[in-house]
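Each chain gets a letter, A, B and C, in the order it is written, and its residues are counted from 1.
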Amino acid sequence: MREHFTQEILGINQDMQKMSVLVEENIRRSLKALTSQDAKLAKEAIAADAKVNELELAITDRCVLFIAKEQPVAGDLRHIVACLKAVSDIERIGDYAVHAAKRAKELADEKYIKPLVDIPKMLTLGLEMCRDGVGSLVNHDRALAIATAARDADMDNLNKQVNRELLALMFEDKDNIKQATKLQFLSRILERMGDHAVTICSWALYSVDGEHSEL
Amino acid sequence: MNPETSAGLDLKGVNIFYGDFHAVHNLSMTFQSREITALIGPSGCGKSTLLRSLNRMNDLIPSSRTEGEVIFHGKNIYDADVDPVQVRRWIGMVFQKPNPFPKTIFENVAWGARINGYKGDMEELVVTSIQRVALWDEVKDKLQKPALALSGGQQQRLCIARTIAVKPEIILMDEPTSALDPISTAKIEDLLDELKKSYTIIIVTHNMQQAGRVSDKAAFMLTGVMEEFGPTDQIFFNPKNPKTEAYISGRFG
Amino acid sequence: MSELFVRDNDQVDFAPNVAGRKARAGLWNVIFLAATLVGVLSLVALVTSLLDSCFGYVIVQDAYAWADVATDPTKKLEDLSQTELVTLIRSTAEADLTDLTLGRLKFLEMDRTLEVRTSEDLRSLVRKEILKSEIKKSWSLTESLLQANEIANLQKSKYPEGQLAFRSWLTPNFLTQPQTGGKAETNGLRGAIIGSMWIILIAIVVAFPIGIGSAIYLEEYATNNWLNRLIQTNIYNLAGVPSIIYGMLGLAVFVRLAEPLTSGSLFGVQDVNGRTVFSAGLTLGILILPIIIINAQEALKAIPNSLRYSSYGVGATKWQTVWHHVIPASLDRILTGTVFGISRAIGETAPLVVIGASAFLTLDPSGLFSKFTALPIQIFTWSQMAVPEFKHTAAAAIIVLLVLLLGLNTVAIIFRNRIKQSKDAL
């Protein structure tokens, strides 16, 4: 029953995943641009964000129209609202990927004061958390949502680690300060990726339970 | 009975049969005083049957049999010493298709009160009743005109006025707006909000959105069984029973 | 036919044959029209033949000449005043020159005295009793129109003393005169009309309340058990029972068994038997009772249950619902059906014959316990008589009966329309 209704919800879920994939790709691009110091790739990543923003608006419109025409209630309504709220978090994660790309572009011609180890880890973690968070929302996966949210601790730890190392480097040599502050700033930004992914997980729980949980 | 306190209804183990067909299964629930409770469910689930049993209208159907207790002010209305005619005075009914008497508008409202021996000022009663259903402005200069000349929405409001003229405590409504256009429906829904301050209202409706808009509590029935009963907010936000969720999301029924 | 509606590829799946279907429809149209025409023509033929018999030439011959009888022969009968007519009649009776004896005059005055009679009445009295005007021969309207010359010649040759006059058998006098003996021209319908009225009145007074009451019980109160189903079936059967059976029932029960009641001897009326207006009314009442019950039941059935439910919903009892809502809503149908029942009763002959309608009744029925006659009986009797002139009076009486029936049905329809209008306005 209600073929149109069911198909439309599926469509919205697919759009959410598509958006997540675009963001994941962009995170990968930024990661590669950073590690290989590829300015061209960085530029591509920056440009690719436009698609992510477009998709956010499109998903928003689709959800609003769905509410107007199909009058969902209970679980369906909670899910649509959760999607509406989560798209802005996905978009922010995309923005942070762009940020990383911008830094990569800036630092493309410089020599790294130390090989990048933790920052790529943060990017990878951010990618995974985004993927899993959206996955838990779209698939109504309670366990995955909770597990993914838990990984934010790792993200925090990585951030702290990066900070410590950079601080040490700054003490060592005053010339490192310029790059180090940039890298520090980048790390802080990337840490927020995790926070937004946690928010996506809490909306996933809202869709399933109907409650606002502290994750 | 104290006319100042509107009463609720307590149902205990109610079973209703049409001949051999078991229409309502062992139903126990409480309708709270001065609240609007919606009975929802697919066609044939027994909600109209249940509604009719609350004021012994089922008695008029020869094959119908009701067991269990329906308790009103501490008395089971199905006891042998209870007269159904009296029950229907206190528990009134509004039907799906507006059915005013083929009389004048005034007489429609006055008749019920008159046969129940109303001692006060009849004209005042009629005017007040019609005002309370937000119909006064539309009929104030044609009280002596035939009721059947009114539009469907006006007729239904007149039927509600007729019901409240005998000052019942509980009003039963069997899909009162399903035969009406959206504007008449909206007017009657606004009316319900006002009426629930004085009466307990139990409304059967097919219209999910209407149940969501007007009711305080909702009861979902499926093939004669009460699947879930709770505050409307909960039923429509996060129902406990998956069958309820499936029904209100339109996945069946 | 427009080319727009004829398409080539349509012919593969359909063969609409619109022309053929229309032709067939047209054929049925003609057949139905022909059937209607046959009905209409039959009616027209009936009415025409009746009217034909009501008017025509007659040859009137007096036994006694006006000149012999009149005090002043120069004055014509038509010119005499009422008092002069009274004097003439009394003097003639005393003179005993004609067939009008004193005894006969006394008998006539038992009905009404001479002084209170109208001039026209007195004139016809003179013609009948003194001059002994007799109609020797009569013709129908078509004969009168088509064979005028032959009739005139016949009169001159066979009845030289007689007069040729154009007579209408259907006159107001006809309606107001009582029945008399052998002469067709002096007979009247008064007794029959009054008798019919009495009988119908009694029948209605009996059948209407019982019928409506039964219908209300059967429709609103009776449960659907075997006994009530049996009663219902029997009522339907009774509606189709031949009316003569009701006559036999009336004879056995009302005329014979209940004789003290129906003859009035229970109330002290002397010298009577059970063959009274009362018995006849009761019998016809029983006859139309099943019809009234069935009709009223249908009227009550036609009221939708939603009306009853809305009444119960405000706490009304079953009786209040029936009395205040169901009956008023079905009243127009019930009344219409009742009037149709009456029109059926007016025409019933067989039961009245069995009960003992008097074929010959000169005195009008004056009360419940009088002997009676009725329109159909009168028609029957007259059409059986040997004297050919009576066929005219029979035809006239039939016309009266038809007009009465038509009038009643019209009243029923007007009544129903008025109630319907006031219901729609209401």
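The rule we apply is simple: a contact is a pair of C-beta atoms (placed from the backbone, for glycine too) under 8 Å apart; a residue touches a chain by one contact, two chains touch by 3 or more.
In this text, all values refer to a predicted model and were calculated from it rather than measured experimentally.
Chemist: Which label fits the chain touch graph of this model best, line, ring, star, complete or other?
Modeler: line
Chemist: Quick check: more C-beta contact pairs in B-C or A-B?
Modeler: B-C
Chemist: I'd like to verify one number: the distance from the centre of subunit A to the centre of subunit C, where each centre is the average of its C-alpha atoms, in whole angstrom.
Modeler: The mean C-alpha positions of subunit A and subunit C differ by 103 Å.
Chemist: List the centre-to-centre spacing of subunit B and subunit C in whole Å, with centres computed as mean CA coordinates.
Modeler: It comes to 57 Å between the two C-alpha centres.
Chemist: If you average the Cα atoms of subunit A and of subunit B to get two centres, how far apart are those centres in Å?
Modeler: 53
Chemist: Touching two or more other chains, which residues of subunit B qualify?
Modeler: Within subunit B, no residue touches at least two other chains.
Chemist: Which part of subunit C faces subunit B closely enough to touch in the complex?
Modeler: 223-224, 306-317, 320, 324-325, 328-329, 423, 425-426
Chemist: So in the complex, the part of subunit B that touches subunit C is made up of which residues?
Modeler: 55, 57, 60, 62, 85-86, 88-90, 92-95, 97, 99-104, 111-112, 115-116, 146, 148, 159, 162-163, 165-166
Chemist: Can you tell me which positions in subunit A touch subunit B when the two form their complex?
Modeler: 1-2, 5, 71-78, 209-210
Chemist: Going by the contact rule set out above, which residues of subunit B touch subunit A in the complex?
Modeler: 208-209, 212, 235-239, 245, 248-252
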